[in-house]
Amino acid sequence: MIDTRTAPVTVGPTTVRATTVATDRPNDAPAIRVDGLTKRFGTDGPIVLEDITLSIEPGEFVCLLGASGCGKSTLLGIIAGLEHPTSGTVTVSSGSAAVMFQESALFPWLTAGRNVELALKLRGVPRAQRRGQALELLDLVNLADAAHKRPHELSGGMRQRVALARSLAQDRKVLLMDEPFAALDAITRDLLHEELERIWRETGRTIVFVTHNVREAARLGQRVLLMSSRPGRIANEWRLADTGPRRIESPEVSRLSIEITEQLRQEIRRNAH
Amino acid sequence: MIDTRTAPVTVGPTTVRATTVATDRPNDAPAIRVDGLTKRFGTDGPIVLEDITLSIEPGEFVCLLGASGCGKSTLLGIIAGLEHPTSGTVTVSSGSAAVMFQESALFPWLTAGRNVELALKLRGVPRAQRRGQALELLDLVNLADAAHKRPHELSGGMRQRVALARSLAQDRKVLLMDEPFAALDAITRDLLHEELERIWRETGRTIVFVTHNVREAARLGQRVLLMSSRPGRIANEWRLADTGPRRIESPEVSRLSIEITEQLRQEIRRNAH
Amino acid sequence: MPTDTNTSTSTTVPSIPAAARAASNDDFRTLEAGLDALQTVPLAERGPWRRIVDGVLPPVLLLAALVLAWQFYVVIAQPRPDLVPGPFNVAASIGELWSNGRLQQAVLTSLARGGAGFLIAVAIGTPLGLLLAEWRLLRRALGPLLSGLQVLPSVAWVPAAIIWFGLTDATVYFVVLMGAVPSIANGLVAGIDQVPPQLRRVGTVLGASRLQLATLVILPAALPGYLAGLKQGWAFSWRSLMAAEIIAMGGSIGFGLGSMLQQSRDLADLPGVLATILVILFVGILVELIAFAPAERSLLRRRGLASGGTR
Amino acid sequence: MPTDTNTSTSTTVPSIPAAARAASNDDFRTLEAGLDALQTVPLAERGPWRRIVDGVLPPVLLLAALVLAWQFYVVIAQPRPDLVPGPFNVAASIGELWSNGRLQQAVLTSLARGGAGFLIAVAIGTPLGLLLAEWRLLRRALGPLLSGLQVLPSVAWVPAAIIWFGLTDATVYFVVLMGAVPSIANGLVAGIDQVPPQLRRVGTVLGASRLQLATLVILPAALPGYLAGLKQGWAFSWRSLMAAEIIAMGGSIGFGLGSMLQQSRDLADLPGVLATILVILFVGILVELIAFAPAERSLLRRRGLASGGTR
Amino acid sequence: SAQGSAATPAGPAEELRLGYFDNVTHAPALVGLEKGLLADSLGDTELSSQVFSAGPATIEALSAGAIDAAYIGPNPAVNSFIKSAGQSVRIVAGAASGGAALVVRAGIDGPADLAGTTIATPQLGNTQDVALRAWLGEQGYDTDTTGGGQVHIAPTDNAQTLALFRSGKIDGAWVPEPWVSRLVQDAGATVLVDEASLWPDGAFPTTVLLVRSEYLAEHPETVRALVAGHTASVDWLTAHPDESAAVINTKLTEDTGKGLSEAVITRALSHVTFTTDPLAATFPVLLGAGVTVGTAKPGKLAGLFDLSALNAVRAEAGVAPVSAAGLGTE
């Protein structure tokens, strides 16, 4: 397997619409570096991830695509520091990463506002500033009005937006997202794509976005990594020159989707017996 | 509101690939007729469906599209005879309809095979023939090997395929599907689109398919009906000349999707306050 | 494998014109607001009046009908009054017990003992449950024993407790504890087990320390299960208390409802027995209604777990 | 509103060439098979040997340690043997009870009574639960009373039952029924309530008649809740039985474990009391292990509800 | 080796907690309390009392240290002594003798009619229960402790026994006074066997005065004062046979809210003898009977009696000492 991931990566010309949160991007050091990572669960389990080497630039939006059970969540968990690699190293240059999960995983006993405030508290923000900052963050996801509502009073899409606000509250340079929109209906998902892209452009976060939706990956990512299954490896990667927001129905997204789908299906076929 | 739904509908030139189950289509009577249908829950609830008139031809594949809570499931339930209309009439010419729900709703205490057999039993198929017919139906959805497995041992996609086989076991001319693929991952969903289309072409069923995924509707339907919310009405409809299987990434699907999405978004915006 | 070759494709996607974008931001907000409005249906609360009519009236009517039928039977069939007393006899018996103060004394004694025993059980069961939930080895070893203890009728402890502690309040407390502690501890363990692992992960990701994780995430998340355990623990306390009071009567054991029941039996005073049973039932229901039901309801409602409405 | 105008658009979609299609059918099947293989992970069953080591060894070791500590204490501190007998005394007491046949008789009597009472309770509780679940008005009226009865310690019925039925087995059965029937009925109601409405709808759609819906859909779906209710009902039967046997001793009431316990107490025979407690515990656990645990496990496993494995 | 006797005397106790039954056979306690004889004799030591209804509960209270002394039947006392390896209690005086009988329903005229009947006793292993089992054994009947056998023995609470007898659910009962008299007077029972007829001289212990051994070791003076008060009480009962019924009834009414009828109490008193002699020599016989019928285990009785206080009190009054029959200090 030829490995092109160690080649120096150049970020395409990005149109940043608004930089409310100023981020300086030191173009020298990658935001995330994964080196020869291998993972197996237990001592006699099968190898889940094998020899993954990867480097992600600051401010990059990377989509990680793969069939169910190929190890996407495991890889993300290792980058987040929730799991330990069996061998190999993982370096996140900014120290640690914010994570957003598929189910919003909001604390059901706290209102939307308090959920965000809890993240601020655990980050060490003084009590006096928390409320204001939480409201700002909720406003960023267009939910300032819902601060007093409890998770169960919100729709799935609103919950995911609160979760997004909460992960932004961590104020980490890197944001890891594990199929954050998989459980949402199509209309909401399209909207949240636009929302996420806007926030990415506004805040300059480095985002690793796990999905098994080819079109979602092609819609959002500057770079799409396709993983193979059993064991999980990086099978291929695609780059999109980023020229600003694009629509999911654009012919370019479609063209790329067709290409990725074809390879993904080949990967899946390999597992038939 | 101008109502064009009473205009006679002509089915486009359909390429039926294989007609293992021979279906004669009496082009005179529609398969489903809905006339001035209005529905409210309880006596003082808001009107959910208002004055819906609709006619669906035998063998037609109709997609019903609308935002969450617009009344799609209610309409489907009324056609299925699970709910009663407040006013107006619904006629299904073949007597009754098969229904498939979002969650597979397989009986968890029965194997896949037995689930299908139960449907055959309730239809009145003699015991001796059930096993064989169930296996045939499971084979139709490429699951003959999984007949002895219980629902929890199957993946979400496999469960929906069993549910599809079960609803085919009812052997009704009309098949109503309520967001059958909404809970599946994107890869599986794409595959099931192909599966469903193949089965539709092979069996010549009349299908009403509820979804809130614009691309799914544009991918599958010969006709797409867009519903407005609060109260639910048919806001618009599109027809696709059916020239055989198409891909979800095809430019035509994309073009139609853009158009439908724009109208759907307008419908949604109307509800902001 | 041929699919493993890496093709680094570069596609240029046309951007939406910047001019249109600024204008579309407002549009986007309206769209999102519209969707939010469509997807959140305000739950229609039924009025308190409606709730009472629906919830309280039918059982009260049934009860009234049953009492009427009973009285009717007594009037018609004229059964032996010592075997089938009428509702009036029972009511008179309650009145008498009330007027000579024995009823109040018994209720107060039993409630005080049950309450104290329950609180001690909570004080023991809670740390025990926490330990069991977080210390795997202890749980493997002690868990089955604790579940076994839940199978053992706490009434079986009464004779042993009497031998150890004599006819003193210590006996009653011991029996109550043996009944309530396992179920409180097991309730907490079950509650903690049901905490979705995702919530722990979120806590860790947000940077919570071990202590913060326990106090800010795990305990609040385990609260419904803990509350269910407490409720069951109270039921066990109350049952065990009654058993202990009935069996261990005399000595320096105060006069509780169980003792009153047993005394009525000794006097072959069936109206008194039935009156006491009614009082025990009434106190049990009252405690549930006053102490546990509101806590549970508000907890579940705040988390959207309440089972209400028609859907 | 402008969006309400109907535009009937007609788009022509190019079809995939028919020649390619036939060949792609096999491809499609492989693709689907590959996806199925990826999405179903066979659950790794732990071997029975491993299960025993993990599940049985720790509590047994702990138990052994506890017994050892107890014996140690008795040897070192030399407490009064009538207050703190040693493990050997208790073992000797079991041996003696066994050798003179009293133990076997007591276990058999209690088991027979508990079993018979439980079966009668099932026979009453099941139709009651069905009625309650399906007849809304009855449920509104009777439901709260039945829940109330569950709060009432069944031991409170013993004095009344003795007055009604004297010191006979009828007293014991009455008390057992008052304990077990409400919990069996409530368990069935809860089980039926938890049947997802979707399953009912599927049954209706498949053309099931009312009877078929009940027997082929609702009852099988409610089985886990019903089984849980049965299990709890058995626990209540056993508890109530012990209470009744301890309190209502004498007369023509046969000799059960509760009576044996009370007799040991009367003879100030603490080793006997402890031995009987152990036997009661053992019988309770055994019944759960033999009768309920396998049924529950297989039921849950067949429905994929078993909580097992590390994830 | 007994822990209790290892304790050193600590002077008179501050209080003495006394247990007794509301029974005619416990009349020395009733009279002593009612007439203040016990309290007078105890002086500064505060006297409190507790009513029990059964021997085992009394023993449990003694063991748990909830009471210090008690009036009780001989069998529970023996039981506790043996089970505790001689550490728990000491008998310091006798209280009553006689006053137990087997009463039966009409139609049972001799031992031969008892086959298949159900006979109640107050409690498994108590004095009457053992007597019944032993007697039935002599008559050739099989019995067992689980209620089986040719004659079913149902240990039943005395109050319950009266009700059950009235409703015909039992055929007879071996009970102490006043229950014998109540069954005879109130329920029409007839006496089949008077227990007195089974013993030489008709003398067998019914009630003794028992003290916790630790208490005895710590406060011998207090125990002596108790024994003195008890002796005074017994003496009063012997000296005032006409007044005793009234005094006893007053105390019973005070305790339970209900007295006994004149006829019952008079008949009962005539069958009981009050004496401070514990009849120590009969204890091995009692134990032997218990072992034979399976309600007791063999054991040593040596040390059960501590009659030094009693004999000192008797010596002061110029009465002959009583014998411990080699089972303890005199």
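Letters are used for the chains, namely A, B, C, D and E, taken in the order the chains are written, and counting of residues starts over at 1 for each.
FYI, contacts are C-beta pairs under 8 Å (C-beta built on N, C-alpha and C of every residue); 3 or more make two chains touch, one makes a residue touch a chain.
The model shown is predicted, which means the values in this text are computed figures rather than measured ones.
Shared contacts of subunit A and subunit D, meaning chains that touch the two of them, come down to B, C.
Among the other chains, the CA centroid farthest from that of subunit B is the one of E. Chain centres here are means of the Cα atoms, and by that rule the chain farthest away from subunit A is E. Chain pair with the larger contact count among C-E and A-C is A-C, by C-beta pairs in contact.
One simple way to say how far apart two chains are is to compare their mean CA positions; for subunit B and subunit E this gives 89 Å. Taking each chain's centre as the average of its CA atoms, subunit D and subunit E sit 48 Å apart. Taking the mean of the C-alpha atoms as each chain's centre, subunit A and subunit B sit 34 Å apart.
Distance between subunit B and subunit D, defined via averaged C-alpha coordinates, is recorded as 42 Å.
Under the contact definition stated at the top, the residues of subunit A that touch 2 or more other chains are 67-68, 155, 187-188, 247, 250, 255, 268, 270.
Along subunit E, residues 60, 63, 157 each make contact with two or more other chains.
Residues of subunit D in contact with two or more other chains: 31, 33, 35, 39, 82-83, 162, 265, 268, 270.
Chain pairs that touch one another, listed by label: A-B, A-C, A-D, B-C, B-D, C-D, C-E, D-E.
Those residues of subunit D that touch subunit C in the shared complex are 54-55, 58-59, 61-63, 82-83, 137, 140-145, 148-160, 162-164, 235, 238-239, 242-243, 246-247, 258, 261-262, 264-265, 268, 270, 273-274, 276-277, 280-281, 284-285, 288.
Remark: subunit A residues 67-70, 229-230, 265, 268-273 touch subunit D in the complex. Every residue of subunit A that touches subunit B in the complex is listed here, in rising order: 67-68, 155, 182-183, 185-188, 190, 211-216, 247, 249-251, 254-255, 257-258, 261, 264, 268. Against subunit B, the residues of subunit D that register as touching in their complex are 1, 3-16, 18, 21, 28-29, 31-33, 35-36, 39-40, 196, 198-199, 201-202, 204-208, 212, 216-217, 220-221, 223, 302-305. Residue ranges on subunit D touching subunit E, taken from their complex, read 80-83, 100, 102, 105-106, 162, 166-168, 249-252, 254-255, 259, 263, 265-270.
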